[in-house]
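Supplied in structure tokens, the structure appears directly below.
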Amino acid sequence: MTPQAMLDPTHTLSEDTFYLNMGPQHPSTHGVLRLLLRLSGERILECDPVLGYSHRGQEHIAQNKTYLQFLPYPGRMDYLSALMFNHAHCLAVEKAAGIAVPERAEYIRVICAELNRISSHLLWLGAYLMDLGAFTPFLYCFDDREDIMDLLLPVTGSRLTYCYSRFGGVAKDIDETFVTGLRAFIKKLRGRLKDYDKLVNKNVIFINRTRDVGVISADMARAYGLTGPCLRGSGVAYDVRRAEPYSVYPEFAFEIPVRSGGDCLDRYMVRFLEMEQSLRIIEQALDRLPQGPVAPAKPVRVVKVPAGDYHCVYESARGQVGIYLVSDGGKNPYRMKWRVPSFSNLSVLPKLLVNTLVADTIAILGSVDVVMPEIDR
Amino acid sequence: MLETTLQNYSYVLAFLGVGFLFALIPLVLAVFITPRGLGLNKLVSYESGIVPEGGAWIQFEVSYYLYALIFLAFDVDVLYMFPTLLAYGTFAWRDFLELTLFVGILSLAIAYAWKKGVFEW
Amino acid sequence: MSEFTRYLGRIASGAASLVSGMEVTIRYMFKPVVTVRYPRLRLDIPEGFRGPVELVTDPETGDHNCSACGTCARVCPSGVISVQGGKKKAAGQDGEGAKAPEDPFVITDSFIIDFSRCSLCGLCVESCPRKALRFSHMYEQCGTSRQVAVVDLVARQKALAAVGCEPAASRPGPQQQAAA
Amino acid sequence: MSIVDDTLGALGQALGEQAVAAAERPSAGYHLQAQVPAQELEAVAAMLTQKGFFLEFVTAVDRAQDLELVYMFSQWDPACRVKLWLSVPKGQPVPSLARLIPAADWHEREAFDMLGQVFSGHPDPRRILLPEDADFHPLLRDFQAAPGPAEA
Amino acid sequence: MQGLMQSAAASLSPTVWTMVLGLVLSLGFVQVNALFLVWLERKVAAHIQLRIGPDEVGPFGLLQTLMDGLKLFVKELITPKPASWFLFVISPVLVFAPVLVPFVVLPFGQWLQVSDMPEGMLLIFAFASMTVFAILLGGWSSNNKYALLGAIRSVAQNVAYEIPLLLSAMSVVLMARSMSFQDIVGAQQGVWFVFYQPVAAIIYLIGATAETNRAPFDIPEAESELVAGFHTEYSGMRFALFFLAEYTNMFIVASVATALFFGGWRGPFADGPWWFLLKVYVLIFVVMWVRWTFPRLRFDQLMVFAWKYMIPVALANLLLTALVLKLVA
């Protein structure tokens, strides 16, 4: 039966079709995703995701704000990696308008973005384990995340929805306390990652729940336009930071973790290993942190973007963010399309869920790691 | 002997009855204390915030019943073993042999179901 | 036979993984708790924290530095700020007799923020030419209507000054927090 | 021969040299762009898919009388990004790529939802983000948002 | 027949006294135990997770559960429109009614037992498995899809784990030659059965965890999948009864484990109920520790685990016990 027929009010339910609404008010649909499932027992025959519960018209807002005024909004799309979306917006506008960024600011941006990536992955790790029924790792992850927030709070002024990057720099310089605190945190997190490894990665129940569940092949990932850890879990070593480097990423040595199986365990492991790589990037950035200004002498308030269209890509915690900017030379963007990773990543779900169990639904949805406000925008 | 048994079962009966009352009384009391009828939407079945499409009283997948069937066959057999075990040791090797035979036949049931793929979903 | 050894091996390795997991949790059980007993105990708010914006009180004049230029209102993404006021004559000075002072005397009648729409991006604070705005350190904000979030900062500053409140009352230092 | 030149050649062969152009990669963010007639769209998309491209997004830009449809195709490694675009009068359907490229499914639904572009032959042409009963397309330039609770 | 009646009447008066005393003590214990266990669970969970847990109400937060119970007592009892009214209302009562019966035979001490029935162990298993009827009724009568899935999972799980539970208990019966708890505890004069029967003890504990629907076997109420499983629609006191029954069941299975494998009320220095309670709570602590460590199994894995691992191992263990007994005898 097609999805339209599922929603058709005149369609009569036969005796043994079992429809189940999972979400929008459900403990593990990660926000307000609604999955309309057709079941046979606990086996899923068909899944129809219903989106848009947190649609706020971000692209419409962008058309009605100046480039500067839109600055706080991207952080509200993917609120778990707000710094990165904030950075991405600045990057897109800087590239289009040709604004130079001091080197120290680039380093600070990268450090903060990688910290944000770790905190996003930590939250995902905890939430994923909670989806699988283990509550305790969730709180360990939040404990680690708390450290990241404590580090970022004095610098960015916020704990979650950061608005830190400015056109041509960052809002505030980092100080010695931040650097020493960060080095201590790196050491602590490395110890914690070992504990997670023992508590989760080797756990036989966890492995049984995730291995060979929700397998995405590389071809399937390509067909659905998957990016980020979902793609790297399927054996494709694609990372925007490597493929089309931006900011100062070319200066750092880091690996792109890749797993070839494409199942939930592989996606999990990719994210888990990425945290270690982010730590490596941060360490290198701290070692080489140059002196100098962090913002242009004269703050950029009015941005002149020559008429034309521009495209900018960015690797967020969930995959490739694409900002397609059309300018008519005016104060506001003429059109600003945000290609968000979760949107494409989630689109594979209906295909993936067929013939799995209800418990797998949660495991697969969690492993894809979607943020609903990012999808709904 | 019979007397003690009767006495014992009178305990069981009493505990069962009191347990029943003990659960019932707070429920009855709660009816008088608790607020009622605040909003009709509460009376709709919960289904993640969406009005449910169709009820839950439907034909259900068979695999659960398969488990129930194996269980029935198995559990009843297992229960027969209790008296056997109580009398175990009164014979030389005969009781061990019989127990082994019985368990062996029981195991065949699992082996059969295993081979038939009852445990695979 | 190898099938059977593998069967036993699965049991053994599975059990071992479970035991190692339990070792982690029992170790954490005897670690110190990280919970802060809010509201009995409060953490220090770092200097860079962004609370709702407030007017900086000039220690010399005891008044704010706002000149009602409206830059903040124009740059604000969400239309949070509305400022009213302008150049005025100083009180007690006659129209023609007084010479215009070098710095024109400015009165800001009202500086209204609607915090319910503020995203704390910091553009207003950064854009203020006279550095008259800063972030407060207030973080306990709740109300029962949208109107509660609409505050006239000028009026509030006056009211606070009238009751002799310290200008920095909205940014309690560590000592005050420990007492609270 | 680099992937960019290769693709440039292949696109030029399919669409004619003058329709295809290399772009200023550092500022524009894509390597190639090509204007595609609506009837060629499926063939070109199939050709790019064959070459290992994946579809990043589909969107549209409101240009007064016309809608400018943008299809961004990308290649992972080495990086190559191709922008296909076409101008269609508002209200005129364009063939859907959803059957060819599953990724196009949701993106085309979004383009319909936001800008009202109809894709003919789409397997599931519902709105995706807005409610089913919405009667507007918010990213059209003449759309005015209703005041929110704070303004009202 | 007449003689029978007379003898029953004659034996009435001491019986009545034991009965009343036993009932009062058991009821009181069930209450206090549930309050304590809920508190303990929250404290254990909290400290494992680097938190404090309840500590505001009463000393160490001990009265928190009481307050929660009172709150539940005055909460609205919602009966959903589509539910089957009578069954929906009666199932919380049915889930609680049988949990008192095992207290007839639980051996708190040598003299602290209502009655040492010769079929004591069987009685407990019989009544413990009645809970599943109430859960099925409650889940089905809710007419809620989550509740239905939870109820069906619950039944399948309970019946599957009943068998290894019985089989591991059988190994003990084989060694003690009795099903009366006093005899079983008595047989552990020198060495606890857990040292003779480690495999049976582990199987019993796993099976008991599953029987009481505790994590990692909490799939009937798996909150990340089925929201609250079979008690999704239950509120207020009805929910509290499910809760109370769950924690009492936990105590019962841990008591049985103590009596079967850990020497019951026996211990160094002085035998007595204190040893019994200590062992029970230590076992419960382990069960809680497990719960706050592991993820949840998937339903089919749970069933496979029971049928492919637990039952064959338990059967082998039983046969081995029988063989060894023959050899040493």
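The letters A, B, C, D and E name the chains in turn, as written, and every chain counts its residues from 1.
By our rule, contacts are C-beta pairs under 8 Å (C-beta built on N, C-alpha and C of every residue); 3 or more make two chains touch, one makes a residue touch a chain.
These numbers were taken from a predicted model, which means no experiment stands behind them.
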item	value
Centre-most chain [mean C-alpha coordinates]	A
A-B against A-E, pair bridged by the larger set of C-beta contacts	A-E
Most distant chain from chain E, judged by the mean position of its C-alpha atoms	D
Centroid distance [mean C-alpha coordinates] between chain C and chain B, Å	58
Inter-centroid spacing, chain E versus chain A (mean Cα positions, whole Å)	44
Centre distance in Å when chain C and chain E are each reduced to the mean of their C-alpha atoms	52
For chain B, residues that touch 2 or more chains besides their own	47-48, 52, 60, 64, 121
Set of chain C residues in contact with two or more other chains	18, 21, 24-25, 28, 34
Complex interface listing, chain B residues touching chain A	47-50, 52-54, 58-64, 121
Complex contacts: residues of chain A adjacent to chain B	13, 15-26, 29, 34, 40-43, 357
Chain E - residues contacting chain B, complex	4, 7-8, 11, 15, 18-19, 22-23, 26-27, 73-83, 89, 92-93, 95-101, 103-104, 114-115, 117, 122-123, 140, 142-148, 152, 155-156, 159-160, 162-163, 166-167, 170, 173-174, 177-179, 227, 232-233, 236-238, 240-241, 300, 303-304, 307-308, 311-312, 315, 318-319, 322-323, 325-326, 329
Complex interface listing, chain A residues touching chain E	18, 20, 26-28, 42, 129-136, 139-140, 143, 199-200, 203, 205-206, 208-209, 357-362
Touching residues on chain E, where the partner in the complex is chain A	45, 48-51, 145-146, 149, 215-216, 218-219, 222-227, 292-301
